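A, B, C, D and E label the chains in the order they appear, each numbered from 1.
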Amino acid sequence: MSLTALLPILALLSSLLAAVVIFALPESSHRLRTLVNLLAAVLKLGIVAAMTWGVFRGVDFSVSFSMLPGVSFMLRADALAMLFAGLSAVLWLLTTIYAVGYLEDSPNRSRFFGFFSLCVASTMGIALAGNLFTFFLFYEMLTLSTYPLVVHRGTARALQAGRNYIIYTLGGGVVLLLGIAWLHGLAGDLAFRETGHFQSVDPALHGQLTLVFVLLVAGLGVKAGMFPVHGWLPQAMVAPAPVSALLHAVAVVKAGAFGIVRVVYDIFGIDFAYRQGLLEPLAWLAAFTVLYGSLRALWQLDLKRRLAFSTISQVSYIILGVTLFGPLGTVGGLVHLLHQGIMKITLFFCAGNYAETLGVHRVDELDGAGARMPATSIAFTAAALGMIGVPPLAGFVTKWTLGAGALAAQMEWVVLVLLLSSLLNAAYFLPIVYRLWFLPVAAPWPEERRWGRLETNAWLFWPPLVTMLLLVLVGLLAPTAFSPLSWAQLIAVRMYLP
Amino acid sequence: MAGLLFTPLAWAALSLLLDFRRGRWLSWLGMLIQVLVSLSLWFAVAGGGGFFYALAGWEAPLGIALRVDGLAVSFVLLTAAVATACGVHAGVYLDPGKSWQRYFWPLFWFLWAGLNGVWLGADLFNLYVGLELISLAAVGLVALGGEAAALRAALRYLFAALLGSLAYLLGVALLYGQFGTLSLTGIAGVVGATEPAAALALLLMLAGLALKTALFPLHGWLPPAHGIAKSPVSALLSGLVVKASFYIAARLWLELGDRLGSQLLAQGLGALGAAAVLWGSWRAFRQPYLKQVVAYSSVAQIGYLFLLFPLTYAVAEPVSRLAQQGITLQVISHALAKAAMFLAAGNLILSVRSKRVDALGGVSHFLPFSLFSFGLAGVSLMGMPPTGGFAAKWLLLQASLASGQWWWIAVLLLGGVLAAAYVFRIYRASFLEDSVSDDFYHPPKTLEAIPMILALLALGLGLVAEPVLSVLALPFEVAAGVTAVQP
Amino acid sequence: MNSLPPTVLIAASVLLPLLYPLLALRGVWRGALRALLPLLPLPALVLALLSATPWTLELPWLVLGSTWMLDELRRSFLLLTALLWSTAGLYAAGYLGAEQLRRFCVFWGFTLAGNLGLVLAGDMASFYMFFTLMTFAGYGLVVHEGSDRARFAGRVYLVMALVGEMALLAGFLLAFRAADSLLLADVAVATTAGGADGWLIAALFLAGFGVKAGLPLLHFWLPLAHPVAPTPASAVLSGAMIKAGLLGWLLTLPIGELGWAPWGQFMIVLGFVGALGAALPGALQRDPKTVLAWSSISQMGLMAVLVGAALAAPGHAPSLVPLIALFALHHGLAKGCLFLAVGLVLPASRVLRLLLWLLLALPALSLLGLPFTSGALAKGAMKDTLLTLPGLPLGAQLPLLLQAATLATLVLVARYAWLLWRQLQPGAAATARWAGWTLAVLCSSVLFWCLPGVG
Amino acid sequence: MRRLLVLVSLAACTALTIALALAVLVAAESAVVSELPQQLAASLGRSGVEHPTTAVLLNFRSYDTLLEIGVLVIAGMSGISLASTRSLEDPALRSSDVLLYALQRWFVPLMLLLAAYLLWAGSHRPGGAFQAGAVLAATGVLMRLGGLPMAFIRPGVLLRLGLVLGFAVFLLVAIASALAGEAFLAYPPGMAGGLILAIETVLTLSIGMILLALFVAAPVSAEHEPEEGGGS
Amino acid sequence: MSPDLLYALAGVGLCGIGLAGFLLLDHLLRRLLAFNLLGSGVFLVLVGLAQHRGGPDPVPQALVLTGIVVAIAATALAIVLIRRYFHLTGRTSLADAGDGQS
């Protein structure tokens, strides 16, 4: 087997095997498990880096075999795949480090890390899936492997959240499956292709295809937390912080958003979707979700719940970008896929740090935490500002590109939505920042723990700082090669100028 | 070939003479032989194509011929895999101290022999004898131990099985009376389009077999029997035994259904299957006992099988093939997954010392491996990718779409969701952390490994569905004379 | 043409204040933090004084592809910024107590970096970036004291600033579409060519920068925020940061393009409303810093009048723009001195007291436009130019209005002096505070004449 | 409700019966004349026995018979697996009635003889292993009921050996021919007759044993409870 | 109508009676007897129908013989189970769980 076929498989296997090994390890061998985790994460990062370089050079990494009559299992690394794969590889490493610290001294770590690795393997599979069928395969695998993580704590609330999560996502999966099967019946096995498949299609099929499009987007929208079907997301907050981080930044919601990206661009083709008028309603829905999520976030007192609603809002930016016909909109949506991930994971890391170090879960308990935990608070502040869209942070690049894309697509109202959303973001993030830095400590911390020299456990200390650095750098150095922005531009170029 | 038929029977006879412990060693050896023989036959067929094997040197219709085609050998191999797993598990799981356990092995081997007989059978009466062999052995296994509840379940099972067999035999009688042959191929060769008597015969046989397969309104006997038996036995029963009668029904339908069947019959069977899917899943969701959940899940999963009838009747050839492939995959994946599930459930029961679902609280602390196997098997039952269950569902979906019978789509999708509901109910129970009990028994590693292997097989089936299906579609040399392949 | 000074110097002028907050990471570096305060703008000062203009530095890898540049207009603003910040920094080194020193220094550094960077920025993204940096970090300076009044002021400041930022972002986005270029230099042309879009763009910029510049009706935050900040921060807020809005106008409004006369007239009217209207509320205040804040609104009104004039008379724009820069420089330095004076104490010796009042009078008189002050130069030039320009609205009333504006200034300065007289108490202050103030006064009154931007 | 159910069931049975009768009539009318009897007659000479039914049972369709014996064995051992059977003889039933005793002494040998005859007759006229085995079992039942001592057959290894003996020999023959190169269950040419007889003999023994064992297993008397299992 | 056909029809009748008994009788032994009746009916149909045209046919006879043995085995097993069930529970029917077999 040649290297081009081997690398995608290796990328998958690195975490899959890690999962298997971790499941096999006894609960008590913590060091070994950590080692395996980190090794696998680093290995995957290396593989993804190598593949990214290859894709940049135009190498076609693909492997496929026939799985069922007329359906093949296909892994293929195109530029879009690497965008997502890169994100998950980088953030997996950090989240793993974080999770090791976060779960120190807690039970069931073997189970946790096993499913954690499975979850990442699924994400990698979603990224590298070469056709809709393979995508679905990993998409559902993701659903299943995240469930144990969501209910990890085993409390009644966690179980309730898990139940809702599974109801929503499985329901979405069913709709998605119906859409995929239908599409398969209409058009056969559809590999992802940069230009889509339906530039010229029998007009008699338009009606059915539109219906299929609606099914697919509805199914994917569940995970992406789009408006009417977002209910699971805030509840899933009961999961441990690294899980929330992973769920929100990399895996679950992104899988949904990424799926919509794939469907719009690589299955239907943006031209077809545009001509059929499929984009406009989606844009309205996404815009509504953006505002709705922000508005709901305003009223949340629980820090993680506020972040969750923020995710609902932010992920719809990606979808909004997709619906803006034109390269700039595409770039905006795609780049936000990464930027949102980096920013949101930072926020969740920080929220986890507050919870783990100070026992703080609510926004109004955070008064004066900046002095007690400056590094964490700096990271939080940076990420919050990034979310608002303050330049030169990651969020600004997104907002700028999205705005420019909206204007280029003659959809001026989207700019209004963006600005409004930025204001709302500011309205729910800045008070937190204010509490962190400008208010004195009001009451003793609910449950403080101390770890010697650093403000918190070293495993928890560094990841948010690294992601903060990332979120500054991806914005500051956006035009450089291999930055998210230029990678998204590369994708857009390959998409619009085939 | 001969080894395939001989070994189980001989081992049945031999193991009857030994006690449980020695029988165990003997049986494990026998399983090894069986697996090897099955494999070599499988490879022989995969390489050279299928053939008829005339027993005792007498060809059909005078003698009894075995039909050795890709489907049959695949099921033989499946049986070898599942039965071996159950056998190994049983060897560790069952308590050798109980003196009646010695009868487990001979019954087990007879069951195996009967299954092989059915997979390979091409003679209607021989199939009847094979069915009876299976039924009685199964009843014997259920009744083993002789507690009142087990006896009761065994009796219900026995009566259902006997009635089903007789209905089948009545059909055979009518067919023989009209066509003068017992060979299925022979009958298929001479049967015409409008034969009311033969149609009634087919109806009788299907009804009898449906009863033995526990199709929806006739499923009452299954949950008690499968629920009360020891876990390895339940695994065998749910995984393989019910499939035997379905297999015969399917063969009959595919050979004769296009002429003797009707749209009404086909849709009716499909509708019953659909009802089974929904009702069985719902019942499974409501059961307080773990194994009852799994047993009702069997009722539901069997329902899917009956979608074969509408999806192959009066449809285009490729659609029919899709449906057949889907059903085949469903049979195989359900056999693997359900066996895994029952074995894992047995482990869980062993470790919490209670059969109730709500006693599982906190078990995910201690038994993640068996729980994981259970979950994996559940994933296949739900029809989530990449499992065999999913591959089956996908093919059936495609067949439904292509044949325009969209109403089955709803059943397929809803069935998956309902399956998720009852599987996740178990999961949910096991994740609950507020239980005070810390008293868990850790089953031996072997017990934990076996369901995992089966579940992984079910999982992997989806990935290699295409090669598996291609073996099933191997060319079958009907015209070729008897080519007795010796082991 | 492009006589690029050493890149290190350019980088240092922005990066030094930007990285300076890193010193706050360790508590033991407190001393260094304080000592460095006045030195932060030095590279920028050197750049402003010594580099030959114009030059352009392309930084294609930065943000969305950046261009930094310095021309005469920017040089003047850079000079103002650097001078005022360094004197205020010196003052601050002597003004600040140990409490929350680190937090103050962090925000100080960031605000300064933003303020310097926006002057150097040649493209929309960088400009917006630095502008926002300044705005957000400035919040930290405003609420530094932590009093209820400060918090309230901070909230108003932040809300209005955010709205302004959003207007700017929308404006920049629209301008980007119209110009298909990120360069600020292309905005004016594109705005003019943009039709209805152009109007929207101009309106957005007018409002967006108007918030910062304290345009009437967008000024509410200003009298609240400027007084509550620590004195050195008030000085830079009112002296330098407020000018960022002005610079924004100059860089983004279609000055020198035909067809914007109505806009110019509108701005002139608005400017006079600010210039005159600020006098009454200002005169009623009891806090000298608040009086100064109103005075700033008033003075900014005059500058808005000038901008309006430049819009209304595109032909004269080339001569008006340096004038505006001059006015800004003058006002910034003078206003800085006045703010800093509020934090002084009366020395013990009578001679020194006299000296103090004398020195204090210099910027005050300068603001009034008395001879031999920078004010005389600026106001004189303004009067001359405005009165000679044809086709301005209110043409007949212009002399009167200008008189009135001077009167308004007088009222405010008098009120300020009176309040200060009542307020200053004897006591002792750190040398650095004295040095900073003195230096500021010197810059305002003496060095002004030597500065390269003048003329 | 219950009555309704009964009525429906009855109606269904009646309808089914009528349908069945009609089907039988139709099938009888349209029946294809089977060539099977002719084929059978032609092959009878090679089967080793003269009676066609026996030929079908033990040669042409010997696989059916093999499995059938398997079914019997299953039933037998399932039976004994459930019962506590110390011995095929029940001491409680041992009779002291002299008349019965005398009668039995006459009957038992006679019945044994009858069984032997049936066995031998099977090759050329109605009769055969099953009939013989049934008579044998009946003898056993009589002996048990009459209280004749049968302590020699313990439910230990010997009983199980007896149960399985016929089956085992049948199987052995079947596999032997397969190993010799013929098909499974095929008899070597010329030896068919002898082998069939041998098989029938052991089968008779086993069938008798199984039926007897089932008879003995069925009663459950209170004294032997609750210890289950087949002893030894 | 040949006697063979008569046999077959008689068998049909037996089937009907047996089935009705099987469905409607609760007592286990009766039900077992009904089953045997049903079985006999089936055997009669098998032999009778087959011999209706072609005369004596040893094949169905052999089949029936096999069938009888199987039926006997099943009956015997059932009796053992019933006896033991009765012994343990004192009941003669499975009634309380409703319509198990129907």
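Everything below uses one rule, namely that a contact is a pair of C-beta atoms (placed from the backbone, for glycine too) under 8 Å apart; a residue touches a chain by one contact, two chains touch by 3 or more.
This one's a predicted model, so the numbers in the text were calculated from it and none came from an experiment.
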{"item": "Shortest path length from chain C to chain D (each step joins two touching chains)", "value": "3"}
{"item": "Mutual neighbours - chains that touch chain B and chain E alike", "value": "D"}
{"item": "By mean Cα position, the chain sitting nearest the middle", "value": "A"}
{"item": "Dominant chain pairing [most C-beta pairs in contact]", "value": "B-D"}
{"item": "Distance between the centres, which are taken as Cα means, of chain D and chain A, whole angstrom", "value": "71"}
{"item": "Chain B and chain D, separation of their C-alpha mean positions in angstrom", "value": "29"}
{"item": "Geometric centre distance via CA averages, chain E-chain D, whole Å", "value": "17"}
{"item": "Intercentroid distance (Cα basis), chain C paired with chain A, Å", "value": "43"}
{"item": "Where chain A touches two or more other chains, by residue", "value": "none"}
{"item": "Contacts with two or more other chains, residues of chain D listed in rising order", "value": "20, 24, 27-28, 31, 33-34, 36, 40, 61, 64, 68, 71, 74-75, 78, 82"}
{"item": "Per-residue multi-chain contacts in chain B, two or more chains", "value": "125, 129, 132, 136, 139-140, 143, 146, 170, 174, 177-178, 180"}
{"item": "Touching pairs among all chains present in the structure", "value": "A-B, A-C, B-D, B-E, D-E"}
{"item": "Chain B partner contacts - residues on chain A that touch it in the complex", "value": "23, 65-71, 73, 107-108, 110-111, 114, 136-138, 140-141, 143-144, 147-148, 151-156, 158-159, 162-163, 166, 170-171, 173-174, 177-178, 181-182, 184-185"}
{"item": "Chain E - residues contacting chain B, complex", "value": "8, 15, 22, 28, 31, 35, 38-39, 42, 45-46, 48-50, 52, 54, 59-60, 63, 66-67, 70, 73-74, 77-78, 81-82, 84-85, 88-89, 94, 97-101"}
{"item": "Of chain B, residues touching chain E in the complex", "value": "125, 128-129, 132, 135-136, 139-140, 143, 146-148, 151-152, 154-156, 158-160, 162-163, 166, 169-170, 172-174, 176-178, 180, 182, 220-221, 224"}
{"item": "Of all residues in chain B, those that touch chain D in their complex", "value": "1-2, 5-6, 9-10, 12-13, 16-17, 53-58, 61-64, 98-100, 102-103, 106-107, 110, 113-114, 117, 125-126, 129-130, 132-133, 136-137, 139-140, 143-146, 170, 174, 177-181, 190, 195-198, 200-201, 482, 484, 486"}
{"item": "Chain D residues within the chain E interface of the complex", "value": "5-6, 9-10, 13-14, 16-17, 20-21, 24-25, 27-28, 31, 33-34, 36-37, 40, 52-53, 55-57, 61, 64-65, 68-69, 71-72, 74-76, 78-79, 82-83, 128, 130, 210-211, 214-215, 217-220, 225"}
